[in-house]
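Chains here go by letter, A, B, C and D, matching the order in which they are written, and residues are numbered from 1 within each.
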Amino acid sequence: MPDSLAQARLDLAIANRIVSVEGIIDAFGHVSMRHPKRPDRYLISRSRSPELVEPADILEYTLDSEPARPLPKGVRGYGELVIHGEIYKARPEINAIAHHHGMAFLPFCNTGEELKPLYHMGAQIGEKVPFWDSRDEFGDTCLLVLKPEEGRSLARALGPHWLVLMRRHGATVAGRNLTELVFRTIYSYRNAELQLMTMAQGWQPSPLTPGEAKLAWDRNLEPRPQARAWEYWCTRLKKAGEYPSARGARGGGARRRK
Amino acid sequence: MPDSLAQARLDLAIANRIVSVEGIIDAFGHVSMRHPKRPDRYLISRSRSPELVEPADILEYTLDSEPARPLPKGVRGYGELVIHGEIYKARPEINAIAHHHGMAFLPFCNTGEELKPLYHMGAQIGEKVPFWDSRDEFGDTCLLVLKPEEGRSLARALGPHWLVLMRRHGATVAGRNLTELVFRTIYSYRNAELQLMTMAQGWQPSPLTPGEAKLAWDRNLEPRPQARAWEYWCTRLKKAGEYPSARGARGGGARRRK
Amino acid sequence: MPDSLAQARLDLAIANRIVSVEGIIDAFGHVSMRHPKRPDRYLISRSRSPELVEPADILEYTLDSEPARPLPKGVRGYGELVIHGEIYKARPEINAIAHHHGMAFLPFCNTGEELKPLYHMGAQIGEKVPFWDSRDEFGDTCLLVLKPEEGRSLARALGPHWLVLMRRHGATVAGRNLTELVFRTIYSYRNAELQLMTMAQGWQPSPLTPGEAKLAWDRNLEPRPQARAWEYWCTRLKKAGEYPSARGARGGGARRRK
Amino acid sequence: MPDSLAQARLDLAIANRIVSVEGIIDAFGHVSMRHPKRPDRYLISRSRSPELVEPADILEYTLDSEPARPLPKGVRGYGELVIHGEIYKARPEINAIAHHHGMAFLPFCNTGEELKPLYHMGAQIGEKVPFWDSRDEFGDTCLLVLKPEEGRSLARALGPHWLVLMRRHGATVAGRNLTELVFRTIYSYRNAELQLMTMAQGWQPSPLTPGEAKLAWDRNLEPRPQARAWEYWCTRLKKAGEYPSARGARGGGARRRK
C-alpha cells in the first residue's frame, strides 16, 4: 500500500520548486496542500525558501494554523500560515494554495488595475480576480497576513474565486489539487506578463469572452494538458538538478532525526 | 542506404527542442514535418512538450489527421492535429509546421496589431501576416483548433503566406523544410520582440521596403546562412544537454517496445 | 576560538558573489564591510569583479582609505575606495556598503525620478532615497568618486539614509551588517524594477504609507526573514558553482603566499 | 619566443565567444582583428556563429577581403567581409571590429533615434554615433554589406567615430585593440538598454556633458578597468564551459589538417 502522506510530501516539495525554478517565487512565498487523508489539516514547509524545500521539511497544521504536533527544536514555521488555514476553512473544494510576490503581478497589486484573460491559457485566472487592500480593515500594517482575522478577511475577499491580489504585497492562488495549483500559478503569471506587454504598447487588450474563458478553463483542466504540463515542469526541475530526493518523505516532519 | 525516416524522426526531435530551448515554446505547442517519402502523411510527436520530444515519440498521421496505424496502448496524440493536416493538404510546398504561444507574439495575437519586418532577419515573416479570429466563424470556443473545419478555416486564413496569427491564442508558422521552419519561427519571433521594443518607446517603426524584404528573404534562405544557424542551434542544444539521442529513431512509433 | 576575521573574509566574498549572481553587479562595482574588531578599518577586495572575489582577495584599509599595510606586489585596490571610507567615517552604525550600476536603478540615476516603496519588500529603500549629482560641486568629472572630498560629498548626500542615487553613475547602498546590506541591495533593486514596470504602463504607482513602510522595514529585518533569504542566496550560489572556498580566508591579504 | 599569431587566434576566438555569451551576438554577426604583424591583413573566423569559433577557424584576409591563401576545401568565409576590410583600410588606428544585430540596438537602427551616453560606461559609444542607411546610395538591397563599395560607404559613414548604426540591419563597432572592442561592444549595448528603459517611461534622458563623456571614455580605457573587465568575461566564459581550447591556434587556418 503506497504511503499517501510520503507521496504528498514529495509532491509538495516538487510543487514548491517548480514555481521557484519557473521564476515566480524567490526567497519568499510559500506553497501548501490539504492533508490527503485529514481535510482538517494542511501540509506546508517549515520556514524556508520554496526553491529549497525537501520532503522532510514538510510540517502538518490544523486549519487554525496550529502545528499538529510540537515543532522539533529549532524549527520555525512560516509567519503567514493563516493565509492557508483560513482559506482551507472557508473553501472545502480548495486543496492547494500558493502565496507569492511574482514581479509581473506586482504592478497590478500596486495599482489595482484589473487582470483580464488575454489568451486561452490566461483563462486560468478565473472569472474575476478580486483585489484585497489590507488598509481597508486593518490600517497601517507590515502588509503581511499574520493574524487570524487578517487571514479571514483575505479569504472573504477571495470569495468563490481562485486568485486574489493583495495590495502592495502579492497574490494568493488556489487549486483543487496541486497540479491545478501549479498550472494556475504559472499561467496566471504568463497572462499578467502578456497584459503588461500589451498595455506597455498603449494597445487596448481584447479579453476572452466569458464563454471562451469558461470553455478554455475547462479544457486546460482536462487530464491530458494537466499531465503534459506536469511532466514538462518536472523534467525541467530534473535537468536543473532541482528535483527533490524522496529521502525524508516518509519520516516526515522537518528533518527530525533520532 | 540511410534510413531517411529515422533521420527525419531525429531531425524533428531536434527541431522541437531548438524552438523550446531558444525560448519560444513552453509546455504547449507542437512541431511537425511532412513524411519524407509519403507526401500524404506527416510526422509529429505524441502529446508531450516539445522540449522533451525523443525520436521514439514521433507518430505518423494521414493528412486527415488520423493515425497511420493504431496508436500504442496509453499513447495519446496532440489535440490540435488538424492545424498540421489541413495546412499540409492545402499547401503542397509546405513540409514543416510549428504552432506556438510565444510571449512576444501574443500582444499581436490579442490585439490584431500588424507585424512588420523591421530588420533583415525579420523579412522571414513574409509579405504579409494574416490574422485569424476563431470567433468569426465558430463563435465562442475553447480557442484551440480541434475540428477539421477549424483547421481548414485556419489554412484558408494562412492562404499563400507563411505565418498566421490566431486571435487570443498564438501563431502557426510554416516552412518548405525543417531548417527553414526553425529559422522562420525564431527570426519572426525576434522581429516581434523588436517591434514591441520599438513601439513601447512610442517610436514609429520603419519597415523594410517590399524590395528589401524580398531580397533579404532570399538571402536568408540560401544554404550558407541556413547551415550556419542550424549548426549554432544544434551546438547550443548539445551544450545545454538537450540534444536528443538517436535511440528509438529507427524503431519508430512512440516508444513502442516489444 | 573562531577566527572572526577569516569568517568575515569568507562572508564578504559570499556577499560579493550573491549580488553578482542575482544580477545586480557586473564587471564593475564593489562590496565592503567594516573590520569586525577594529571599527576604524574596513575590508574590501583588491580590484577585481565582485563575482570573482575570493576570501584571499580581501584587503584591509583605514577609514582614510589607505591600505592598513603595504599592498603585495602587483596588487591594486579599487579606484573608488573613498565611497566606503568616507561613509564608514560619517556613519558609525553602518558596517557594510555596496556600490553598483545595476540596470534597473540607472533610469532613476539618469533622470532623478524618485524611487518609492511599492511593495512590502521595497520598504528596504528607507524613508527617502537622496540623489547626488557630482556636477553640483565638482563640475565635469569622469563620474567616478575618486577624491576624498568627492567621497565626503557623497556621504553628506546620503545623510541619515541607507541608499543614495549617483547621477549618471549608479547607487550606493548601506547596511548595519552584511546580510542586511545584501537584503537591501537586492530588494531595493526589485522595487526599482517594479516601479519601472508600473510606470511603463502609464499607471500611477501607489507607495506604502510611511506607517506601512516603517512596519515592513522592521519586519523584513527580523532574524527569521534575514536568515531565510541568506540561506536562499547561499544555496543558489552553491548550485551555480559560485560559492567561494574558504581557502585563503585565514591567511588574508590578496593571495599573498609565502 | 611566443607565437603572437597563435595568441591572436586564441584571443580572437575568446572575443567572439564573450560577445555571444554576454548576449549581444546570436547565430549571425562576426568579430575580426588586424593581423598582429602585418597591418595589411586581418584575421576572422570562417563562416560560423561567433559563439562556436575555435582558434583553428581563424582565416587571414588582405584588406581587399581576399583570402591571404586559398581557403581549404569546403571552408567558406563570411559574406560581409568588406565591413572589416574597408574599415581597416580607412582607419589605421582601428585594430579590431565587431558587427552585430544585438536586440537593444535594433530599435535605434530601425528608427534613427540617436544614442546618447547616459552613464559613465556609456561614454564608450564615443562623441557621436553616425547612422548609415544603405538605401541612400544603393536603393533596395538584402541589407547585408556584400560589395566593396558598400563596405567603403559604411566606412565613410563611420568617419572618425567608433560605432555606426546600420539602418534596418545592426551595428558595427571598432576598437584600437580586441579588449577595447569587446569593452565598447558590451558597454555601448548596456547604454542602449538603459536608453530604452528610460525612454519607455516617457522620461527625458539626461546625457553626459561632452566633458564628462571625454573624461569617462579615458578612464574606462585605462589598463586597470580594461584588465578587470577582461578577467571577468573570461572567467564567465570558463564557468559556462565556453572557453576555447588553444588546440589548433598554432596550426592556423580553419581546421586544415594534414
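The rule we apply is simple: a contact is a pair of C-beta atoms (placed from the backbone, for glycine too) under 8 Å apart; a residue touches a chain by one contact, two chains touch by 3 or more.
Here the structure is a predicted model, which is why all the values come from computation and not from measurement.
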item: Partner chains shared by subunit C and subunit D (touch criterion as defined above); value: none
item: Chain whose Cα centroid lies at the greatest distance from that of subunit B; value: C
item: Same or different residue numbers at the subunit B/subunit D copy interface, by half rule; value: different
item: Averaged-CA centre spacing for the pair subunit D and subunit A, given as whole angstrom; value: 46
item: Whole-Å gap separating subunit A and subunit C, where each centre is the average of the chain's CA atoms; value: 33
item: Two or more partner chains touched - positions in subunit D; value: 200, 202
item: Contact graph of the chains (line, ring, star, complete, other); value: ring
item: Touch relationships between chains, expressed as pairs; value: A-B, A-C, B-D, C-D
item: Subunit D contact footprint on subunit C (complex, rising order); value: 26-28, 47-49, 51-52, 76, 79, 101, 103-104, 106-107, 109-113, 135, 139-144, 167-170, 196, 199-200, 202, 241-242
item: Subunit D-touching residues of subunit B, taken from the complex the two chains share; value: 118-121, 190, 193-194, 197-198, 200-206, 208-209, 211-212, 215-216, 218-219, 224-225, 228-229, 231-233, 235-236, 239
